Every structure is written in C-alpha cells, then in structure tokens.
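Each in structure tokens, the structures are laid out below.
There are two complexes below, and they share chain A, which is joined by chain B in the first and by chain C in the second.
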Partner chain A sequence: MENLIRFGGKFFDELEIAVYRSRDVSASVELNEISMASSRSGAVTVIRGIKDKRLGLAVIDSDEPERIREAIEQAAKMAKLNSPDENWVSLPEPEEYRRKVKPNYELKDVSPDALVEKLVRGIKLAREKDENLIVAGGEGGVGWEESRILNSHGIDISQEGGAAFFFLEFVGRKKGIVTPGIFDFDARRNLNLDVEGVVERAVQKVRWAYNVEKSRNEEVPVILGPWAIAGLLSYALFPAFSGERLIKGTTPLADRTGERIASEVLTIYDDPFHPLAIEPIIADGEGVPTRKNVLIEKGIFKSFVWDNYWGRIHGTGSTGNGKRDTGSGGVNIGFHSMVIEKGNRTLEDVVGEIKRGYLVDGFQGAHSSNPDNGNFAVTANPAFLIEDGEVKGASVFLIAGNIYDILKEASEVTREQTVMPFMTTMITPHVKFENVRIAGK
Partner chain B sequence: MENLIRFGGKFFDELEIAVYRSRDVSASVELNEISMASSRSGAVTVIRGIKDKRLGLAVIDSDEPERIREAIEQAAKMAKLNSPDENWVSLPEPEEYRRKVKPNYELKDVSPDALVEKLVRGIKLAREKDENLIVAGGEGGVGWEESRILNSHGIDISQEGGAAFFFLEFVGRKKGIVTPGIFDFDARRNLNLDVEGVVERAVQKVRWAYNVEKSRNEEVPVILGPWAIAGLLSYALFPAFSGERLIKGTTPLADRTGERIASEVLTIYDDPFHPLAIEPIIADGEGVPTRKNVLIEKGIFKSFVWDNYWGRIHGTGSTGNGKRDTGSGGVNIGFHSMVIEKGNRTLEDVVGEIKRGYLVDGFQGAHSSNPDNGNFAVTANPAFLIEDGEVKGASVFLIAGNIYDILKEASEVTREQTVMPFMTTMITPHVKFENVRIAGK
Partner chain C sequence: MEALERALRWAEENLKVDYIELRYEDLRKTTLGLKDGVFTSFTGKLNRGIAIRVLANGAWGFSSTSDLANLEKKIEEAYKLAKAAATTKRERIELAEVKPVEDFVKSRMKVRPEETDIDEKVNHLRELERLLKEDEAVKSVQVRYEDGGGRKLLLTNEGMRIEWDYNYLYQGVYVTGKANGKLAMARDSIGAVDYGWELMTDHEPNEKVTERLLRKMHSQLKGIAPRRGEFPIVAGPIVVGIIAHEALGHLAEADLTINSPFKDLIGKRIAPEYVTMSERHVEGGFGNDRYDDEGVPVRDIRIIENGVLKGIMLNREYAHRWNMEPNGHARAESYRYPPIIRMRNTVFEPGDHSLEELIEDIKFGYYVVDFRGGQAQLNSAFQVGVQEGYVIRNGEIAEPIRDTSITGVAIEALKKISAVGNDFGLEVGFCGKGQTAFVSSGGPHMKFEGGILIG
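What follows is the complex of A and B.
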C-alpha cells in the first residue's frame, strides 16, 4: 500500500487510499417462515487525490494493487478535468489514536445457520405465546468489516470488527382487529442476541394493540421509545449539528453555542467507545481519531461536529466525524454512536405516574422533517394510550411541531438504554415529554 | 452448472439456480465538477429449492461452483426448518423463447472516462448557454449484465446485454430567484447518449423557471411529462396490474377486465422488445419467456400480469413478469418496459392550444400513493404555467385525487416518446389530461 501512495505521488500533491473489506451474513423471515439466507463479502477501495486543489475521486470494488493503481490513474484524469476547489486546505495529518477495542472474532466467520436458528426460535416462541400472531417479517444479520486508511501525510490505520443485529415484526389478528406491524430488535458485538427479550417485548405490544382506543385532540405527556426517538431525531435534529450546515447557513443552531436548546434532563453525545456501541472505531473514514463529542449537555448546546474538509475550512479541524460512504466514495459529516444519557427510574415507574398520555413506539413520516428549522409532522404508530398509569390500548395520532419546542418539554429519561442499529445508530432510554399537542385520527 | 442441478437433486424435488454477473461503471457530478468515477463488478447466485413444498432460498455473491454447492446445502437446511407452503405448485417448465436481440458489446468494457467526458461536455455546454446556471448534480452510467437461469425441469437460458444512461440536474439563480432542481435524461442501448438534447431541454426549463407564477385553485388541462408520468403511475397505478394483488384482494381492478378504466387515447403495455427498450430480455428472472402484455387498450383494462408462483396458483401461469431481486433473492411481479402508445401531434402543438393550464415535469410525494384504491396526493414541481399556448413561468401546486378519475380525463398523447430509466422503466409520450383540479400553493 505504501508504494501505491508513492506511485500516486507522480499525479497528486496529496493522496488518500481507503480500503474496506466486508462480510455480511443474514437470514430473513416472511410470514412465519425463513424466506432467505444470504452470505456476501466484498472489497471496495476509494482513491481521493488532490492536485493543485483539483479533486479526483475513484471507487473500485477490489483491493488488488493492480486495480488500485488503475483507480489512481482514473482519479488523476478526473482531477485534471475539474476546476480547483479554492476552499481546499489539506487531507488530515497523523494524530494519536486511543487503544483499539478487541474485536470479537467469533463474528468473523459466522454461518447464516446461526441466524436461521435464532429466527426459527423467535418465531416458535412468539407463536407459542400468542397463537393469533403472525411473524410478518424479521431479519438477523452479522456484519464484519476490515478497513485500512492511508494518506500521503503518513496516516496509516487498520481496524476490524463486527456486530450482530436481530429484529422481528409481528402482526396480531383477533376479533376483527388487525394490529399495525409491531417491531422489536437487539444489536450487540456478540452473537448472544436477546431473542427471548425481543419476543417478550413485541408480544406485550401486540397484546396492548388488540384493544384499539380512539385518539382525540389534546395536550398530554408522551413517552417516546427508542425507535420513535431515533426516527424523529435522525431527521429533525441531528443534521443541525453538522459543521457543513453551519458554514452553509442551513442550521438553526448557528450562534447558539452555550444556549439552552433542550430541557436539562437531556444530555446527548456521540461516543463510539460507549460500552453498548456496536462499532467502537478509533479512527473515522479519513483516519482522524474519533472522540466523545458532547452535543447537548443538560440542555445546553455545546458544539458542532466536523469532518476534515469542512473542519479545516472552519479552522477548527475535524472532530473525527468524517463518515465514508462506500457507495459514492464521498466523506460526509455523520455520527458513530449517538447516546442519550440515561436516568434513574424504570419505564414502568414513569408510565405508572401518567394519568392520561401516550407511549409512542414508532413514527411514520419522520424522514420528511426539515432540519433547517426543526419542523416536523409525523404519525405516531404504533402508539399506546396510557390511563391511570397503565397502557389501555393502541391509538394512532399526528404530532406536528418543532423539535426545539419539544426538546424543552423533556421531563425524564428512563434507566434502561436500548441500542438502535437503524437510521443513526443510537443508544437511548425512553424519554418523556410534557404538554405534547396531538391531533387525533 | 448442470451437475450442480444434479447435486441439488439429493436435497430437493425441484431446484433453480440463477447466476447474475454485472459490471457497472459510472461518473457523477456535484456543483459543476466531476465528483466521482466508479467501476464495479460482481456476481450473485440465487438458489431456490423446494422439498415437500418447503422452500429454501440462499443468496451468495459468487459464481464459483464450490460456493454454489455450499449455497445449495444452505438452502436445503433452511427448507427443512420451514413449514410446507400448501399453495406451491411447481417451478416453470421450458417453453420456446423469441430470438435474442444482439447485445451491443461496445458497452461491455466501457471505461468511466467515456462517461466523465460526456458529463464534462454537458457541464460546459450548459454553462455556456446560461451563466446563471449551476449543474447541481448528474450521473452517467453504463450497466452490463450476464445471467444464466437453470432449473431441474430443463430450463437453461443465458442472456447478456447492457444499457447506458445519463442525467443532469440544473439550478438557475437570477434576480433573487432560485429555481427548483430541473432534470433531464437519456437512456439507450449504445453510448451515443444525447448530451446536447439533455442540456437543451433542461436549459429551456430553467429559462421558464426564472419567471415564477403563483398558482391558484382551479380546474385546468394539465400535460404530464415522462418523469411525472413514471412517478405517478409507478406508485398509484402499475401495482394494481399485479396478479398477486388480485389473489390477495388488494387491487381495485378485480373483476374489471374488459371494462373502461381510462380514456380511449390511452394504450399501455409492457414490452421488452419495443425498439427503445433498454433491456430487451427474452426470459424473465425465472426463465419464463417474456412477451408483450397489454394492460390497457384504448382505455379498456385487458389483463393482469403474473410471475410463476402466483400465476400457477391462479391457474393461468406466468406472463413472464417474474422479476428477480438480486438483493433478497426473491422473485416479485414486475414490469420490463412499460410503454404508453404515442399519438400524432407534437408537444408543441398540444401546448399551443391550451388557453390556461400546466405542463408538469415532476411530482414529489408520488411514492405515498395508495395502489389499493388509486388515491394519491402529490406536489407538482417543477411545473410550468401555460397561457395562450405559451409557457409563462414556473409554479408549484398540489394535485390530490384518484388515478382512475384522472385516467378517464386523458385527451391526447404526443408524438415523441421518451425512455425513463428510473422507477418503473417506461417509454412514454407527454399525456394531456382535461379538468384536473389543482390546489394552488
């Protein structure tokens, strides 16, 4: 690899080579049966070269030196055709990394059988617990990734590791009621996926959903579960922390560092070293050391996050938030493992105190939120009515509002944290918000 | 391959092996510069085996016999764990194919350079024509696919071929006006992509969009362009032609064969052999011969389309519409090349007769249409106001309604057909609809 960096010196002032090798095995469920088992592996190399501030970017699906050499030449041709990017400063310089987390090699050569077995167990268990229930869908998967990132300034960092995930979707049919699709999931850095817990929690939600309660227009306390939180915040809030948006003027958080933007029960940070994190990487997609970046501390907005390109333009440098998109080859500002700090009491305790309110499991339509201003309009479904401290049944309703108004109404976070492996990877408790205006449906 | 079919006979009553090899090269544009050149290739093999009506499905990213053998064993293990599918009839039997269309081997080994060159030419041309214009995005790509589908009933069909596509997205900024993103595109079975035509058409639309006209609530004639038609019909109408939906009771077309569901100017058929089709395949994803399937003839609903599974359950057999999803390995009912029959007059003539109406280039939100009943609610953007036979400027408005009401209002199709390579691949003229109720925005 070092000699490929030297070879690239003929064409470029600066050069980066990023190699990713991955192996993914998975198995899926459809209508109570295993529908597919798959096993895939591959390599992708991304070349990023800069000559006189002109960028060349080439992507190939190979890690062979001969093909990488061709890709370097391809990137060089492209750089010649482009105009200089006068904003370009430079690729990252080497820095100290934290100590690597030991990978779990058990995940490197997993067979799809291991996942098929877990899914079959989940299906059997679920249908024993509730014969009116259909396992509409589900998937178990294990991903393993090895990466090496080098650049002409001397960065050379290799990492490897893997994670496993598992989810099931149930639909219950009883007395003419068909419940919405009810999900639960688990994700961790070993194969001990909590099949029993996933089934237990999802079956409980299906049981609640057999009773349908009409929703109405009202202002009530609402507890959001991990799936709902990840959906809403991934689209309405998290993009606002991007330094690129600060520079482009598309975040409502410009000039608000140090200001209160949420209630003091909320502390949110990005931390790949959190014990529950499923990808504990020490270097981001550009080889910059990752770190814990606090975004909101007790309700106060602390800071933006940066990749190398925008961080150098801004003058503060990267915060280790350069995420490589192996599809396009590009680097974008992103998060590794967003954590919402947990609280002291259980979800049960928090639910137990609510006279009338809702527990929202999932939101539909969160992707059309506007992170430029925080506005959103979502359908809460599945959602559950709470009366006198107990869940009474399932409801559907709309919430339209602004994420910054809602964040100020957060009143409690629960003790249990869940890993959400979808959308932005999150580790989050349930969060209770007061005075949420809902529109019945 | 034949001996792998024999090997599978140890485990299965019926077995299908589908092998896909692909090579994709592409180059992308962002903000007037080439942002990426990529070259990817790979192989995927899907094993589908049935034992005592129990299904096993395995997907691997390899075409090596040893790995295929393992995948057959994997599928066999899975079939054992599944329950019998009592609806299962059988895999397809061999049938006569049409003569293959000769592939264009020029597309097999294209370098990304060829696409970079076209994009650079497009960017240069566009900015010469309009200095206030930004080439916000764009892509040029060439895909080449080789497939072989075998099954234990004697089907063994190999196919190969490729296609090229090209699109650009422009944004104009002039006198405080920022236009919406304006797209144009081309797709064909050779490298002679119409760069000049794409630029010419898109620049014209940007020119129109510099003048913003307020929309209002009214009932007017509306002409839909290819992008708008493909968006709306792909989500609101085409799924209703699926035989699976007929059996599941989720199409409004059940029991309506032979009835008028559209105005007589509309004839719609799926035809991979159309001269403009970009994938002229003779066999579908299950090795069943493809054919021209007429869906709507002069406004009359003619027939549903089927893959092997649902077609055999229904008793009519497959219509050659089994599309393989190489991601999940599954086969779904889909379309190869949807054609809307063209008319006699040019778009210019049709526009020239409109006293007040709109020309809609694209719709937003079409994906949330409901094919169960045909209801949709979309935002027309980009859309252009026509007054006294001339385009006056750009407008944004909403159309909410039912696709079957709209189809009855079709009054003319233009002479020019365009290939739409996105969503459902379509070959379509512009279509004029009368009395469309729009909501101003």
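What follows is the complex of A and C.
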C-alpha cells in the first residue's frame, strides 16, 4: 500500500487511500417466516488527492492494487478538472492513538444458521405470547469491517471489528383494530442478542396498542423512548453541533458556548468508547484519533465538533469527527456514538408518577425537522396514553415546536440505556419532558 | 457475459436449484458536491459487481460480491444460504411463470451524461449557486450532482438474457436563507433516466430551479405559524404526489399490502368516483424502465380506479402467492441488494377543475405546495413536512406559512377529496425501503374538505 502512496506522489501534493473490506451476513423475516438469508462481501477503496489545492476523489469497488492505481489516476484526472479551493490547508498529520479495543472475532465468520435460529425463536415466542400478532418483518445480521487509512503525511491506521443486530416488527389485529407496526431491537458487539427482551418489549407495546385512546389538545408530560429521541435529535438538534455550520452561520448555537440550552438533567456527548458503543473506533474516517466530545453538560452547551477540513480552517483542529461517505468519497462532520447520560430511576417509576401524559415510542416525520432553527412538527406514532401511573392504550398526536424549548423542559432521564443503531448511532435512556403542548386527533 | 453463462451452466449441473438469477453491473459514475463555492466531492466512481439469487428447497439465498473471481463458489454460497433459510420454512416460495425475454434496452437519452464535458457540469453547478446567491437572503447553498452509466445484465436459468444501456442523472439542492433573524431551509430535486444532459439545459434549466428554490425559501422566511387543526386543504401536485407515494403507494406494494388495511379493501370503494391513482409510465418519470430486475415487462397499473381499490404492485413471488400476473415492480438498488417490490411513478390522475375553482369557495383554509420529508405507517397514517404553503382566505391565496406539517390517515382523507384539478405535476426523488430506488410522484391539485390536520 505504501507503494501506491508513492505512485500517487507523481500526481498529487497530498494523497490519502482508505480501504474498506466488509462482510455482512443476515437473515430476514416476512410474515412469520424466514424470507431470505443473505451475504454481502466486497471491498471499497477511496482515493482523496490534492494537487495545487485542487481536490480529486475516486471510489472503486475493489482493493486490488492494479485497480487502486487506476483509481489514483482517475482521482488525478478529477483534480485537474476541479478548481482550487483556497481554504484548503492540508490532510491530517499523524497523532497518537489510544489502545484499540479487542475485536470479537466470533463475529468475523458467523454462519447464517445462528441468525436463523434467533429469528425463529423470536417468531415462535411472540406467537405464543399473542396469537393475534403477526411478525410482519424483522432481521438479524452481523457486519464485519476491516479498514486501513493511510496518507502521504505518514498516517497509517488499520482497524477491524464487527457488530450484531436483531429487530422484529409486529402488527396486531384484534376486534377490528390493526395496530401500527411496532418495533423493538437489540445491537451489540457479540452474538448474545437479547431475543427474549426484544419480544417481551414489543409484545407489551402491541398489547397496549389494541386499546385505542383518543388524544386531545393539551399540555402534558411526555416521555420519549429511545427510537423517538434518536429520530428527533438526529434531525432537529445534532446537525447544529457541526463546526461547518458555525463557520457558515447556519447553526442557532453560534455564540452560545457556555450558555444553558437545555435542562440540567441532560448531558449529551459523542463517545465511541462507551461500553455499549457498537463501533469502538480509535481513528475517524481520515485517520484522526477519536475522543469523547462533550456537547451538552448538565444543560450547558460545551462545544462544536470538527473534521480535518473545517477544524483547520477554524484553527481548532479536528475533534476526530470526520465521517467518510463511501458513496461520494468525501468526508463530512458526523458522530460516532451519541450518548445521553442515564439517570437513577426506572421507566416504570417515572411512568408510575404521571397522572396524565404520554409515552412516545416513535415519531413520524422527524426528518422534516429544520436544524437551522430547531423547529419541528412530528406525529407521535406509536404513542401511548398514561393515566394514573399506568399505560392505558395507543394514541396518535402531533407535536410542533422548537427543540431548544423542549430541551429546557426535560425533567428526568431513566436508568436504562438502549443502543439505537439507526440514523446517528445513539445510546439513550427514556427522557421525560414537562408541559409539552400536543395536538390531539 | 461468457463467464456468467459458464457459471450459470455449472450451477444448473451441480446444484439442486429451483431458480437462479445473476445480475451483473459495471457502472461509471460522477459525483459532484458543491458547498458554498467549494467542491467537497469531485469524484469518479467505478462500481462493478454481481448479485446472485438462488431459490432452493423453496427458500431464497442471496449473495453479492465485488470480487468476480470464483463465481461458482459465490453461487454455491447463495445456494447454502437458501438451504439455511429453508430449514424452517412451512410454505415453499414459488414464482409466477413468465416468458423468458432476450432483449437489449437502449437508452432514450439524447445526450448521455458521459458525453457532456465535466467542465460544463462544473460550470452549470457554479452558475446555479451564483444565481441563488444573487438573492441577499441566501446564506448557504449545497448542491449534489450525480450521474452514472454503463451496463447491467440479467441472466437466469429460465433463459432471461437482458442487457441494459443504463444511464441516469440527479441533482439535489439545499438552500439556507436568513432574514430578520429568521433562518429557513428549502430543497429541490431533479433527475431522470430517460432525459440526459438535456434535463439541465431544456427541461429544468438553472433559472427555473432557482426561481422555485427562492420562492420556497422566502415563503418560509415570511411565513407565519398556521392555526392548528382541521381545515379545508388544497394540495398541489407535489404534496398530492407524496401522499400518493407514502400513504397509499406503500400499502399497494404486495409485500406490505398483506399487513395493511388495503388487504381487505381490494375491489371496494375507498374514494369518490372522480379519484383515480396509478402506478405507471410518465414522461420524464424517474422510475421508468422497460423490464424490472426479474426481467418482467413493466406494466401500468390502476391502484385506485374511479374510487375503487383495484391493483397492487407485484414481483414474481407475490404474484404467485396472490394468483395474479407479475407487473414489473421487483427492483434492486444495485448488485449489492436483492430485488424487492418497489414503486416507480405513483400519481393521481387529473380531473376537471381549475385551481381557481378549487379555491374560490374556501373561506379559511390552507394551500400546501411543497414538502420536506414525508413518512407513513402501514395503517396509512401519514406525516408530511411542508416547505411551502399559504393561507387561503375568502377564496384567495394569502400569506405564507412556515415550519409546519400536515398529518392524517390517508384512507380516511381519500373520502374527503371534494374536487380534482385538471393540471398535472411531477417530482422526482428517492424512496428508502431498506434500499434506495429512483421514484417519481405527482398528480393534479386536489381539494380535501377535511381529513388532514395542519399544525
């Protein structure tokens, strides 16, 4: 690979080669049965080269040296055609990494049989618990990735690791009621996926959903579950932490470092080394050491996050938040494992104290939120009405507002944290918010 | 092709398969990402690989790889995966019969993207940014452009041999504007598989895209928060399209129909007689094709015909299960994915009324023109963010509204359609269902007397 860096020296002032080799195995469910078992293997190499401040990128589905040479030439052609970027400073320099987390090699060559067994067990268990329920969908999978990132300044970092995930989607039909699709899931760095827990939690939600309760226009406490939290924050809040947006003036958090932007029960940080993180990487997509970056500490906004490009323009340097987009080859500011710090009491305790309120499992339309100002308008579905400390049934309602207003109303976080492997990977408890204005249906 | 034929013959002779399908792709792509004057991606891509799908013992196995050596071994892997999936299967998967096709699908583009000089592409994007930034309120512009072209092949043990001269192009633009301390964002997308670079020069020139984006952005900057609640709503073609796609179209995908309210409604009236919704070829449609990824010819379907729920989208597996004819809706994002049932171009058909007629007798209501993200549940409950909308007061379009969304249950809202416009509009985009597909959606203006909540 060093030869290829030397070869690229003919064309570029600076060059980076990132190679990703992956193997995924999965099995999926449709209508109470395994529908397909799949495997996917392959390699992707991304070339990023700079000549006279002109950027050129190339992406190929291969890790063969011959084809990487071809890609270097292709990137050189692209750089020649590009115009110079006067803001360009340089690719990252080598820095000290922390010790790698030992990967779980059990995940490298998982047989699909192991996943089929878990799914079949989940389907059987669910149908035993509730005969009116259909396992509409689901999937169990294991992904393994090996990457190597090197550049002409001497960065050369190899990483490997894998994660397993499991989810089921249930639809209940009883007495003319068809419940919305109800999901639950588990993701971790080993194969001990919590099949029983997933089924138990999802079946409970289906049971609640058989009873439909009308919602009304009111101001009430609302507990957001992990899926709802991850959806809303990924679109309405997290983009605002991007240093690029600070420079461009498109974040409402500009000039607010050190200010209170949320209630003191909320501490949010990006931490790839959290014990529950599913991808404990020590280097980001451009080889910069990753670290724990605190974004909100007890409600106070602490800092923005940066990749190499924007960090150098700003003068602070990268915070290890460069995420490679293997589609375009470019690097964008992103997060590894967003964590909301947990609290002391269980969800049950928190629900138990609510006279009238709601528990929201998921939001529809979170992706239409506006990160430029934090405004959002979402439908809570699945959502459940709580009365006198107990869940009474399913409800659907609208919440429209501003994320910074609602963050100030957070009053408690629960003790249990869940890994949400979708959208931005999040590790989050349930969060209770007071005085949420909802529009009932 | 020869290596694929050889591997297919080997599999037929050595494995006990019901069906085997090989899909090969060799595509060359260009991605340009322009963010406020800087090209953050300027990328040439070479995507080459193969998808192998095997039906054995009544179950599917799928394997995909970018490593083209040892194809026989990869086929055997897919075969083993099928056998693993089959161990628990009670009902064997069978496929509806289709006539094997041998064909070459020519591109209908006038100027293939690869024939356009990259300088011209760069200049085009820069000009678009310049035009947008002539407006002082515009603070940030982000453009993503991608085109691709090359060869796709489909071979099956039943004798399908289809080759596509496959090409596409796409442009997505995000604009952030600021005025009087308010920030607002607007988005726009264009794309085609049948138009080449002429899409950018003739059909959707920069001036037209700029005009649309600035209108959307300013409507939000000047917009007021709407009153929450249920009011008469006139929806424009793009919003009508997203309701057709998200809230109704997905329910008519056979793999989802089975868990949706549509299951018990086929053949029944679900809307007034003047409402018809189709899944069909549309001039300029992003989902157009001659065959699907199982080699089945793509046919037009009436999902709702004169108010009655009629047709659903099928692949060969579900066509057999429902005892119907497959209609060309098995689509795969790339060689990395197996084909699944997808929409193509989902549209409401035009009616008789002018926009003025739809609006004239509304004392107070809303006109929703464009959306920012939409989502629906299998019970047809939908939520659509509105990026351009206006108040209707005393029969006239009045002030704009901002940061809002509409929500409802589509099969209830359908019954509240009181008039259908005589115009037609289309928007292109991507649909995500575990994998991405190029789609279009649209229709005429439509009036809802209720059934949609704004807030």
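The rule is short, and it goes like this: the second predicted complex is superposed on the first by the 441 of 441 C-alpha atoms of A that agree within 3 Å, B and C clash if a C-alpha of one lies under 4 Å from a C-alpha of the other, contacts with A are read in each partner's own complex, and residues count from 1 in each chain.
Following the convention adopted for this analysis, a contact is a pair of C-beta atoms (placed from the backbone, for glycine too) under 8 Å apart; a residue touches a chain by one contact, two chains touch by 3 or more.
Not measured: the values here are computed from a predicted model.
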Query - Touched partner set for A:121, first chain B, second chain C, both or neither - result: neither
Report task. Based on the superposed arrangement, let me know which partner A:252 touches: chain B (first), chain C (second), both, or neither? Result -> second
Report task. For A:35, select first, second, both or neither according to whether it touches chain B, chain C, the two together, or no partner. Result -> both
Query raised in the report: Given the touch rule stated above, what does A:171 touch, chain B (first), chain C (second), both, or neither?
Result: second
Query - chain B versus chain C as contact partner of A:6, first or second or both or neither - result: neither
Query raised in the report: In the superposed arrangement, does A:216 touch chain B (first), chain C (second), both or neither?
Result: neither
Query raised in the report: Who wins on chain A residues touched, chain B or chain C?
Result: C
Requested in this report: Scan A:355 for contacts with chain B and chain C and give back first, second, both or neither.
Outcome: neither
Query raised in the report: Can you list the residues of chain A that meet both chain B and chain C?
Result: 27, 33-42, 55, 57-61, 71, 74-75, 77-78, 81-83, 85, 111-113, 116, 120, 328-330
Query raised in the report: If you look only at chain B, which of its residues touch chain A in the complex?
Result: 27-28, 32-42, 55, 57-61, 71, 74-75, 77-78, 81-83, 85, 111-113, 116, 120, 328-330
Requested in this report: Please name which positions on chain C make contact with chain A in the complex.
Outcome: 31, 33, 36, 38-49, 59-67, 77-78, 81-82, 84-85, 87-91, 93, 118-119, 122, 139-140, 144, 146, 176, 178, 182-185, 228-229, 255, 258-261, 336, 338, 371-379, 381-385, 402-405, 407, 453, 455
Query raised in the report: What does chain A use to touch chain C in their complex?
Result: 27, 30-31, 33-44, 55-62, 67, 70-71, 74-75, 77-79, 81-83, 85, 87, 111-113, 116, 120, 134, 136, 171, 178-181, 217, 248-250, 252, 309, 325, 327-330, 332, 364-365, 367-373, 375-379, 381, 396, 398, 400, 439, 441
